[in-house]
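Given below, in the form of structure tokens, are the structures.
Look for subunit A in each of the two complexes below; its partner is subunit B in the first and subunit C in the second.
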Partner chain A sequence: MRGLHVVRQAVRAAVPVAALLLAATALPAAAQEAAREPAYRAFPLIGSRLAVWAIAQLHLNFAAFILGVPIFAVIIEIIGWRTGAPRYDWLSHEFVKLIFAAFSTTALLGAFLLFLFVGYYPKFWAYMTSIFFPTYWIYALLFFAETFTVYLWYYGWEWLSGPRKWVHVSLGVLSNLFGTAILLIGNSWVTFMMSPAGVTETGALKGSVWAAINNSTWMPINIHRLIANIVFGGTIAAAYAAFRFLNATTDEERARYDWMGYVGNFVALSAFIVLPFAGYWLGREIYAFNQTMGITMMGGFMSWLWIIQAILIGVLFLGSNYYLWLGMERIPGSERYRKYVPYMLTILAIGFMVWATPHSLIVTLEEARAMGGTHHPFLGFFGVMSAKNTAVNLMILTTFLSYVLYRRANRLSIRPWVVIGMAIQWAAFAVAAAIVVFYGVYGYFVESIVRIGFSVYQVGAVLGAIVLVMTIDVPMFRGAKSTGAIRWGSIPARSQYVLILLAVTFTWLMGLMGFARSGIRQYWHVYGILRDTSVDAVTPALGYAANMITTVTIVFFALVMFIFWLGGLSEKGKPGAHGAAAMPVIAGGSEDPR
Partner chain B sequence: MSVLRSRFVQAVVILVGAFLALRFGIRPPAPWSVIQIYMAVVFLAVLIFVSSDTDSWRSFVNPMRAALVDPSQRPVRIVLAVALPILLGYYAYTQAAARPQAPAELRAVHPAPPGSIQFRGKEINIAGVDNPLRKDVATFKRNVAAGGEIYVRSCMFCHGDNLDGHGLFASALNPPPANFEDPGTIAMLQESYLFWRIAKGGPGLPRESTPWNSAMPAWEDRLTEEQIWQVIAYLYDATGQEPRRWETAH
Partner chain C sequence: MRVPVGLKLSVFSLAVMGVYTYFANSIPQIESKPPEELSLEGGNVTPAQLVKAGEQIFHTKGTCEVCHKIGEKGTRAPDLAGVGARAAKRKPGQSAKQYLIESLLDPGAYLVEGYPNIMPRVDKPPIGLNRSELWAVVALLESLGGSVDVKLDDIPKTAGAPAVGGTAAELKLPGDPKAGEAVFAGKGACIACHKAGKVGAAQVGPDLSQIARIQTPEYIMGKILNPSAMGTVAGYPKGVMPPIFGQTLTAKEYVDLVSFLLTLK
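What follows is the complex of A and B.
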């Protein structure tokens, strides 16, 4: 019966892939016919652009989820395999169950998006095909490979347990490799539209397709999206756990989903800490590729989009820290660290305020007169990247400190060198903060191109401090004395709403930044090569875009809830597959302190 | 002093203190739009502060609950029932009685430049171009001096003799003329960006810089290409700012 079920699932997933392959096969012919076809067709009622926008954003949301979650699911499975702790295996299975349910929806949305391009933007699609046709085949084959690997991974959980567990883990690793390869190919199409390379002025491919793939923004987006997918997957998984926690009827269930939510948030937070660095690299490459595009994005009509982004990221930082602080309540012994909370909160709030200070101020004439111009002589210092880089690096450092305190909340180190170890850790924090502030201030006294380079030193100092602190922390608290087991499930309910808020905020943020990335092309399908001559060739205003992104985000969560509900149907009436996992008792993702 | 131990009182003190510091501690006064953003952050931080553990949350909520339901707090309820409508009424009055003034504007400070412009029938690249006068070191000082003369003749009346945007006409202009001494203006821009802005002026601003009420003339009708580069060289020389250099894609 299980075999039949696998085949049925595989056939269901293969339908959209087959559609993609069929379309890919027909595409060269379509390209030849392109001259006789209209350049655009109008989608009924809402227009073609809105249709593509909505479906592309939904597809990306689901794709990010199913690509991000397996990355940490397989790591958790490996931890369970090596430590022999069944709770990790249960958790990994729970995560994979989530992506499994979302897999078909992702493929269907992808196929729908393809049909929209072929049907409503035939000239654009014919052009993209003339450049990227060889990659379509690879993409489709990779999709097949990933689909079957994930199905085997999920359905083979029991079958490939015990001595064959290494085969099962390998399937997880393999599905991640296929998934990442799919991401890289999709990114090459998107980034080519932003920063075309390897083509003549008229857009014809000069040599190999590799030059078009390896354009200026391809690798920065690959890295940025890979990290962002992990954050996104973590937040959605944590939101799912929060939902299950809030609906739990037993203490055991509450404990289990409290732990799942904690791990999801921990994964999201860990990846989120490095995400701004990847985003900054992408921004630099966009600026270096084309100044007009860079200024449109950072200083032109999209500059206020970055204030909205700063507010959302500020909410993510505050929310993540708040969740950790609330989580300390379930850890006996954490009381000794409560006194640090107001200080950390102050740094986060001031950093948030600096980050959200606009460069282009909204001012009345009277205010402008009082300021002596459109620049404020004092606030103007906070509107530039020197201040913002300093703020975000200090916020990252503070968030990391929150995590370190959480991690050791119920542990007392028994190492004889604990005093020296802690002194070095605090010194690492202080030195990193001093370097960040020094280069932040020094940045005002040097020219722009030198100032941009300072961000590397700031990032290096923060990452260096994180590595050093953790290198000391892990051995220092190995075998530590416990002040009591974590009371999983006893966290206040408002913490779970924070997890849901983080997921919604991050989803909204992804939509917003997607709009920024796409919108800076303005009236170009492919920047500088293929002009958008449709009726929709106007870049929408921020308010319009925000409404659109909000609508799609609501639809996304409605679909996610429906899919998760469907996924949960199989559990009904069962005593609990993988549900016999022991109660989780750890803090900080390391070994049981008892 | 026990009153100050109450989380509710602490929250109120922080909120009021933050507002007073932001409203009166920053000189010249911060724009209202910025104060709103800052106060939203402070409000969020205060909420987190009072609710980050259960005891603190109770300490914050209890006075409010007591004020609403505790029989001994009846006088407080009466005061609130009178004070809140008065405060709301006062707020409504301030909105209705506001002095008429032009609405607040969001201007793109650095609108995106085009890749190239037409200058008296000649195409001039904006992307990737430096001031050509810098190539000849021997004549550069002379060009800067010539730029100074052009500045005094054509720019000083708005941008000021100190290049700080306080020229004779400045008080009549909205938006006010750019302050070149400010590190947030020409120091953040490549010289070709300035060439575009000087040559095309307010009328040549792109869509994102609406409303097009900049009084900056389009100097391409009055200055030659060389004169514009000269005045740009002077602006950087006189303010001690360095023009932004071009980055290269990696």
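What follows is the complex of A and C.
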């Protein structure tokens, strides 16, 4: 026994020594290997940065689509399950069919992106791995779980119907949970690059990887991307429906895809209204993390980017409203609300112009001398945040009003308190607008540090009005009298071009925001920690970025069309299992007669 | 002839994107270039040159002008006009240059009334001014209403971030710098051509006294093993450094040598 004990002790002592010896021989070898490993390699022809940029943007577009669509697809499926209306089941299946076809493309692009990082940015990737390696495993496992759940969700549609529908719905919910978890992990890597946390000044991890994950911009980006994914999924699904609508050969098919387009746009619009608020939060966190980064983003070399963003969002607001107004033409009873359209259009147009007014104008030297600077004596007042915040909040309120009018277009409330209810609703709109304008004007008379806080009051007023109006609206129009069924399929064809416009614009906007998020790091891979010493360390100008965004957007839509076409091949010649559903008759999407 | 819907939609989409792209190309095109490193150490610099260098840093790498204006009241940070004269009166017992240096290296130590504590340390990343650059910026600030009397030695030796490359991926070698110094002066015979701080005086090859400050660990390691592949410092003849150290040094000696060189900042 004693001998055995000694042997054990000897072995115990020998193990660390052997490990040390092994390490001592291996470390110099590793060091020599590291010395030979270049920090960067050059991708043929276009260079490494463009290669990574293109693939990353494509991957993000597809990922946003396959993560955004299931969120509302499962909600629609639940509505169909609880109400017993088969058309919702058809619509949900139709949405999932779209993401199902795009799923493998997303994974392939992700793998391609990984290869690019490993091969062309080995030093950067080695550093990220040194911090986030534990998350790679979780990411991979979640991806497996997400893939199999979505496959089961899609293929089990018929098998898990009837009394087993709850299992099917649970699969949909589960796939969303897995998808969101994947999003959160991916975001932790990206946000760490922007606002590193949990590391020493030299970049070494201090404690747990959680501190690096839970950095300043992680949660704001999670929320912002989650909402934006829903908007994106909605616009792409609506664009698909528009394509099918314009190609439809029967009234029934036209009606079906008109409805699908409406729902896609409704989903996009609902999420889009709250997206700017998430953007405010993200911006505030960027400033809180690093003032220099925030100022570079808003007032530095990127300041003109926000003018382009304003134009794109202005197009989205105008387009969404125009689609709703066109949609009202197919709703009997909506005539009584058409008189409001010119006023709403005026507010949106003025808001658009104010939002897109630059702080400093592009002028010739003579013009600058005549004006006494690059600030126009009159228009200059609209180029500041006070005016822009006011404009965007009023545009959100107006868009919400458009939706409220659309929603009640063919309904007449039978509630005895309808007059009071409507008075409160109008008062809520008026008070919110007054608060927004008051703080907008007041902002000109206070320091910027105080002015920044005013945006919270403006946002609060708008959100409060939205919540209050809907809280009254839902019970007020429950069981309302109908003034006639919606004539699905009779919407003008130009409305479908609006849906395409929204999808293209939002995709382009995502590319632009991706450039903004990445560009504010300037010459840092990981801000303040790991510097970009490659030949591509220059952050390009907006024109260059726009050319790149357009190219990638074209490739994205070409791939989407191809994938949708592929997805449709399997159904050619088959009777639509989910396609025989009747259309709803009420504008809000429900035919509940109560 | 009926135009296919797909074609019509494609043309429409391209036109929409074309408008966005055209607009983005028609506005001011501003690139953000990585800042250049300024080194004035050991050089003979006049106060006027120093102030000029400081001005350049103020507008570029220092990003000072993002918040500070000269002759214009800012909302984020104080107007710097006359700061050279004001600085001496800010804190009792502190000279103008001491106050200015403290303002750059420890901005929260004294806040001008009415302004928030938002200024970052300028010698730390992401701004990361080195000692030469700090010297120039202090000279510029002194020149705004005061007289330039700051010397490089006034800037603390500990100030300044490492140069190009950052330090995030810095390799933590298990080598012994002391043993590495012995290799430098002994078996490696590096001393025959290079100076490294107090060690050596030869000027055949570049002075390595601050090599860790101006080069990355990867460069240093690569240069020892394969000198020609890492290029030749301007002003020195090519091909002089022998490519033999991968064979003549043991792995331990190599790691010790690199560890020693990485201490030269």
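FYI, the second predicted complex is superposed on the first by the 552 of 594 C-alpha atoms of A that agree within 3 Å, B and C clash if a C-alpha of one lies under 4 Å from a C-alpha of the other, contacts with A are read in each partner's own complex, and residues count from 1 in each chain.
Heads up, the rule we're going with is that contacts are C-beta pairs under 8 Å (C-beta built on N, C-alpha and C of every residue); 3 or more make two chains touch, one makes a residue touch a chain.
As the structure is a computational prediction, the values presented were derived from the model and not from experiment.
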Original post:
On subunit A, do subunit B and subunit C fit together or clash when superposed?
Top reply: clash
**OP:** Using the touch definition from the top, say if A:535 reaches subunit B (first), subunit C (second), both or neither.
**Re:** neither
**OP:** Please work out whether A:412 is in contact with subunit B alone, subunit C alone, both, or neither, and reply first, second, both or neither.
**Re:** neither
Subject >> Which of subunit B and subunit C A:246 touches, first, second, both or neither >> reply: second
Original post:
Which holds for A:284: it touches subunit B only (first), subunit C only (second), both, or neither?
Top reply: first
**OP:** Considering only touches as defined above, state whether A:39 meets subunit B (first), subunit C (second), both or neither.
**Re:** second
**OP:** Mind working out whether A:167 is in touch with subunit B, subunit C, both or neither, as first, second, both or neither?
**Re:** neither
**OP:** Using the touch definition from the top, say if A:376 reaches subunit B (first), subunit C (second), both or neither.
**Re:** first
**OP:** Tell me which partner A:292 touches in the superposition: subunit B (first), subunit C (second), both or neither.
**Re:** both
**OP:** Applying the touch criterion given at the start, work out whether A:456 contacts subunit B, subunit C, both or neither, answering first, second, both or neither.
**Re:** neither
Subject >> Set of subunit A residues, in rising order, touched by both subunit B and subunit C >> reply: 290-293, 295-296, 299-301, 304, 307, 311, 362, 447-449, 528
**OP:** Report the residues of subunit A in contact with subunit B in the complex, numbered from low to high.
**Re:** 195, 216, 284-285, 287-293, 295-296, 299-301, 303-304, 307, 311, 314-315, 318, 321-322, 325-326, 328-329, 338, 341-342, 345-346, 348-349, 352-353, 356-380, 383-384, 444, 447-449, 452, 492, 494, 528
Subject >> Touch list for subunit C against partner subunit A, complex >> reply: 5-6, 8-9, 12-14, 16-18, 20-21, 23-35, 63, 66-67, 75-76, 116, 118-120, 124-128, 164-174, 216, 218, 221-222, 224-226, 246, 251-252, 254-255, 258
**OP:** Give every residue of subunit B touching subunit A within the complex, in rising order.
**Re:** 26-34, 37-38, 40-42, 44-45, 48-49, 51-54, 57, 101-115, 126-128, 165-166, 171, 174-179, 182-185, 187-188, 190, 206-208, 242-250
Original post:
Which subunit A residues qualify as touching subunit C in the complex?
Top reply: 23-25, 27-29, 31-32, 34-37, 39, 123, 126-127, 199, 201-204, 242-243, 246-247, 290-293, 295-296, 299-301, 304, 307-308, 311-312, 362, 447-449, 497, 500-501, 504-505, 508, 519, 522-524, 526-533, 537-547, 549-550, 553-554, 557, 561
